[in-house]
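As structure tokens, here come the structures.
Look at the two complexes coming up: subunit A is in both, with subunit B in one and subunit C in the other.
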Partner chain A sequence: MGAFNSLTYNSNICIGCGECMMACAKAKSGDADRFDQSRIKIVPAGDNKFEAALCRQCGDANCVVNCPAGALTKNAASGVVDWNADLCVTCLLCTVGCAYGGITFESSVGHVAKCDTCGGDPACVKVCKSGALGYVTTASIYNDYGKQEDLFAPGLAACQGCNSELMIRHVLRRVGRNVVVAAPPGCIPGMGTVGYNGKAGAKVPIFHPLLTNTASMLAGLKRTYERQGRDVTALALAGDGGASDVGFQSLSGAAERGEHILFLCFDNEGYMNTGMQASSATSFGSWTSTTPVGDKLQGKRTDAKNLPMVMMMHNAAYVATASSVFMEDFYRKLDKALAASKQGFAYLHLYAPCPSGWRFPASLTIDVCRLMVESNFVTLWEYTPETGLVFTRPTDKPKPLESYLKAIGKYRHLAQEQVDRIKKLLEDRLVLLKRFVR
Partner chain B sequence: MTAMTKPGKVVVLDGNEAAAKGVALARPDVVAVYPITPQSSLVEHLSSLIASGELDAELMNVEGEHSVLSALQGAALAGARTYTATSGPGLAFMFEPYIRQPGLRLPMVASLVTRDTLTPQCVWGGHQDAMLVRECGWIHMYCETVQEILDSVIMGYKVAEHPEIMLPVNVNHDGNYLSFGVTRCEIPEQGLVDDFLGPKNINWHAALDPERPMSVDPLTGNAGGAGPSMFVRYRKGQTEAMAHALDIIAEVHADWAKRTGRHHAPLVEEYRLEGAEVALITLGSMTGAAKDCCDALRAGGRKVGVIKVKTYRPFPVAAMARALSQVKAVGVMDRSVSYGWNSGPMHQDTLTVLGKTGLRMPCLSFIGGLAGADITEAHFERAYDAVFKAVSGDMPPGPLWVNEKD
Partner chain C sequence: MQSCTYLIVGASHAGLAAADAIRMIDQASPMILASRESHLPYSPTILPYVVSGRSKAERTALRSEAFFKEKNITFLRSAQLQSIDAEKSLAHFDQGTSIRFEKLLLATGAVSSLPAIPGLGDVAFHVLRTMDDALGLKTAMMGARRALVLGAGLIGTHAAENMAEAGMKVSIVEPEKQLLPGYFDAKASGLIEKAFDGHGIDLKFGRSVASLKPGVAVLDDGQEVPFDLLLIATGVRPALTYLDGSGIRIDRGILVDERQHTNLPAVWAAGDCAQVRLFQSEGTGVAGILPMAALQGRIAGQGMAGDEGQKPFPGAVSLNTYSFFGQQAISVGAGISGADSPGAETVLRFDETAKTYLRLVLKDGRLMGAASVNHPLDPGILWQLILRQTDLSDVKERFLADPKTTGRLLMSRLWR
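And now, the complex of A and B:
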């Protein structure tokens, strides 16, 4: 079974305006005022909150089970629970089975009605001002790339909750077998991708460069294949230490020369594999094992080097930041970066919150990823020399920074002035980034 | 079988240009360059040869020596024949990928245009840079003449890429004296070099190639499991290949001599050792002055000879023992120091040969030619005098600093 796109509803931000019901009514009956014809019903739930009576397109739907006539079926292609008017006997057993009010009898038309997601283009979502309604289409990623071979060995030994392992598997599924992978010392080879004692961790050619020379080794390799007339993708799966500290010279040189490399940096803000030491990518105030918290020192004393911005200033063919919580955005950027790497240097910066090193529960990685973006602690954008910088997620209504900092143990000690400094830094950085928008 | 030797074109050039010409004849696929005194004119020549189309190679102008060698390792893992050159501080900066190359068993030739090391600040010739990397697993060959540079660069590829060797080779020539010294040089025909080197196969053993997927250099070693024995297998294999390289170097020099008529001693050259009582051991371009001094002293009836070391790593123990067995005392002229032994590095090597072979004789350490200082015939004559004194029991307690009073 594949994955399905689905409508989502967030009761926390719904303002109960009813625009969705009007849009649905218009879509289904041609008349926006026929609320009874809307297949979504926004209902008051007390305390100025609202709930939606809406079909959840259940995987194991009670309505389908209850239907004695075979009029309701789960569509294996779209995932929608389809209703067939020709078979329906209007027994209403389906409405009894549904706990969500997702299928109800409409007296004006004389039969049950339910959401059909407008064939994958739901009218309600388009008019929702609050953002409470959404249509998640990331199922296509599972369907499109889930069929692609996972080119890493099973059983890599990443920490629980690590999104880097998840992301490298995504990356190689997309990039495929015609690749050479450089995994400089750090979490990615540490989890076993290159292998141990002669056993390989991947099904593609993969190697340990030095921490310092990832981009240079790939550059020589790529130039050789181009000289041989072969199109082989040169891919780096590096950490932030190997990219922004000792590996920076080779990275900068390769970008300046426009080497045809796809360089991915997994930014977990430090040397997490070796015991959570600070790197130049560690954010201000962070506790790490080399920026400890005590009477004299309270975490890292300097701001993080913003490597994606630095790479943008190299005028590389493609530079982008991405988060594992916005996978469509990530895949779009990966595709662009892959294409750009055939002609020039492509740099993709992936945020990789580290449960072990940042001190948050392994179950919360995706939440932390989301908060990180939604609080503007990091921003998602892409850059090409032709387009300039383009933000790919809105930055205008950030969640409070504190909601992000409080989720993470490495900031537990922060004094208010440290928080204020981070706020100021983030505001200034956003102003600076916006200047690169054309 | 007697192969016909083919005369080449005779030109006048300096050592750096000779190296560049030798490289071009070896047809590398990828050349990575970063300039440094006194190597710069070498990579300038190479860049020109590639720019003019005379050499069909990929030129990588990278941002430092560390990336120079790194890029070439990547290229070699994709099957490329590679080349670079460096000196002094550049070699120091290259150190991290440098120590890795032999373990990867990636053959290549890199010229060390030797230079003394900082500090005191200097940009002049000396062997200290190359001596500091003598235990890294690279083959080191030192050249005496401009012609030997050109020939050794080409021979270097044949040694490096030999399937029983698969190790990188440093062909070393002295900064200033050889890099900028202009002399006659015979350039062999391209066809001769092509026949000599044969088809190349750089990455048959370790490749980064989607058509032959493998992990290159996964983690190994540690205690327990397959790690310790696997690590030993790699290390021992590398060490044995290094030792075996002495045989291959000799074979390759013989083959080259047959084709070109130019005989360079592959390991150790014995110069006028017949009937000699004492000898001086030399390395690199200083050998010319040592031979001139030897000739002059011989003309005066003094029984002296010269032992020139060509292949310094692996150290040619048997060849050196054979040479030493013909004299009563020896002096070693180092253009570098061994801080740990208060002598020269080659002096320590010579003492080891004496110890290993049971030969007993006075063995003096001379340190000269540091930071571009000249070791003249007069210096060599004084060195011979000191060795003769040692034969009669007057053994200096420490090294003799040749240019101390210049």
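And now, the complex of A and C:
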């Protein structure tokens, strides 16, 4: 079974306008005023709040289990619970099984009815003004790229819960075999991508440059290929230490020269595989083994260098930040970066919260990624010299910063004035970034 | 001799739900699903629709041979379990087959129970529990004009409707004073009876058959009712003679705990053959309805496969939906079929001309039961409100005024 697209409903922002019900009624019966025909039911909850009854296309659906006629089936391709009018005998047993009011009977309709997602193009979502209804299609990305060959070896030894391994596998699936990969010292080669136990770690050419010379070695290789008339993608999979500290000189030079490179930085805010030392990308206040918490020091004393902003200032062909919670956004940016790297320097900055070094449970990596973006701790945007900066996620209604800081052990000691300083920093940075919006 | 990890006997709702639950966790271990039926798995609930012709017998299969192949399940047809040797983990089937199992699920359902009426042995009669019963009844209907149905429960009323719609003259004899006793009160049943009257079905309440002769039933008041077709629908019971000598404990059904486990470590039971906890009353009983059979089957399968997500059976709740002559009735929970029980708060809305009825019963601010005729509800939501004993005090007025919308609101919140 693959992953499925799904309809989502956010009761916090629903304004109860009922447009979705009208659109559904119209789509299902031709008559927008026949609310009884709508398969989505918005119900008033008092205080101008609303709730929804809607089929959730359950994985192990009770309506299917309860149907004596075989009229309901979980569609293995679309994930939708399909209803077959020919087989249905209107016994209503499915409505006994459903705890959501997702499959319902109305006398005026005369048969049971449920959402079929309009075949993957739901009419309700299109008319929802508040954005409370959404149609998440990330699943098709997983299905599509799940079918592509995984170009890393199985058994890479990343820490439990590390999203870098996940993301490099995604990246190579998309980039394909026609590539040469540079993986400078850091977690990515540390987990075995450049080889382990005398075995190859990847099914494509991959090499292990020094921390200092990743971008220049890659530039040389790329130029050689170009001279030979071969169109090979030059890809760097670096950490924030390798990119923003000692590797910065070669990176900056390559960007300035407009080398045809796709440079990916996995930002876990430090040197995590060697024992969690701070890097210039480590955020203010963070505990690391070189910025400990004690009598004198309360975590890192300086702010993080914002590398994506610095790369933008190089006027590179493409610069963007991305997160593994917003995979559609990530893949869109990866596509653009890949295309841009054929003509110039492309830089993609990926946020990679580190459960081992940041001290949060391995099962919460994706939640942390989400909180990081939703609290505006980091912002998602892209930049090209032609368009300027464009935010790809709204920044206007951030979750409280505390919700993010509290989720992570390396900030546990923070005093209020440290939190205030981070807040101020984030606000200032947002103001600054907005100046680059045209 | 065949052997397997999982042996499931009975390929209907309980058995199929168990097979699905096992395959969620364990795709590899050998599984045999044995049924005494010669057909692919089907639901007894579909049978009235096979009789009426709305469902085609060949399109009622709940699973295909391809499904069993894909799921690595051996589906054995025409295999009737005869006895169990628990010590040797052997199940003996008719025609001399024996299967060695590691884990056994009994999901053999129920059969129609027959009343002790003098003369029953001398007359031809029908019951409705298996596909062959349905096909037999359908054929018999073609050559018959007058039908007599014993029992005005869900099966009897359904079959009576089928026969009336086929143009037959139908009588129902029911010892209680109404249709569907136990599910609805007299007012609600009255609305249903109107539809039956309107279709010429003769309802003989408060009476029973004293004796039977070929072609004639003599009622306890002396009336003689002639028939060319007799259908017995006076109830169902598990048929458990195959358990004789097995050491598995039974009462009215197979005794199980809240994880569908019998008293033997390697044996589970689920569905209409199992005697389970009741949610709304003391003691145990056979639930006898499809949703409970499927739920118990899932729980048993999870237990057999060692699924950590297994949740115990909360107890059987009465949940019935009933379609008659294009109208719908729903009966959920307790306290809705008779007079108000002490401490209960009842709301009744009854409109004889509009043919609508709604009864909601609350106790201590919590839902006990709901019944309706031509008044759509979401029975699945009501079931959850009963199981969760959701406190409705805050929304009581709204709930009583509009149980459907309010129920949806509550469940939308509760599921977050």
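Just so we're on the same page, the second predicted complex is superposed on the first by the 388 of 438 C-alpha atoms of A that agree within 3 Å, B and C clash if a C-alpha of one lies under 4 Å from a C-alpha of the other, contacts with A are read in each partner's own complex, and residues count from 1 in each chain.
As a convention for this text, contacts are C-beta pairs under 8 Å (C-beta built on N, C-alpha and C of every residue); 3 or more make two chains touch, one makes a residue touch a chain.
A quick note: this is a predicted structure, and the numbers were derived from the prediction, not measured.
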- Message: Quick check on the subunit A-based superposition: subunit B and subunit C, clash or fit?
- Response: fit
- Task: Scan A:257 for contacts with subunit B and subunit C and give back first, second, both or neither.
- Result: first
- Rounding in steps of 10 degrees, give the angle subunit B-subunit A-subunit C taken between C-alpha centres. 140
- Message: One more residue to check, A:66. First (subunit B), second (subunit C), both or neither?
- Response: second
- Message: Per the contact definition in the header, classify A:283: touching subunit B only (first), subunit C only (second), both, or neither.
- Response: neither
- Name the contact category of A:201: first (subunit B only), second (subunit C only), both, or neither. first
- Figure out whether A:100 sits in contact with subunit B (first) or subunit C (second), or with both, or with neither. second
- Query: Is A:179 contacted by the first partner subunit B, the second partner subunit C, both or neither?
  - Reply: first
- Of subunit B and subunit C, the chain that contacts the larger number of subunit A residues: B
- Query: After lining up the shared chain so the two structures overlap, which partner does A:218 touch, if you call subunit B first and subunit C second: first, second, both or neither?
  - Reply: first
- Kindly classify A:163 by the partners it touches after superposition: subunit B alone (first), subunit C alone (second), both, or neither? neither
- After superposing the two complexes, the shortest C-alpha distance between subunit B and subunit C, in Å, is 37
- Note on the structure: Listed in rising order, the residues of subunit C that touch subunit A in the complex are 13, 17, 20, 24, 43-46, 49, 54-55, 59-62, 290-291, 294, 298, 319, 321, 323, 328, 330, 374, 376, 378-381, 383-384, 404-409, 411-413, 415
- Taking the complex as given, what residues does subunit A use to touch subunit C? 11, 41, 43-45, 51-53, 60, 62, 65-66, 68-70, 87, 89-93, 95-101, 104-107
- Item | Interfacial residue positions of subunit A with respect to subunit B in the complex | 177-180, 189, 194-210, 212-213, 215-225, 227-228, 232, 249-250, 252-253, 256-257
- Query: What does subunit B use to touch subunit A in their complex?
  - Reply: 29-30, 32, 58, 60-64, 66-67, 70-80, 82, 96-97, 100, 207-210, 212-220, 225-227, 230
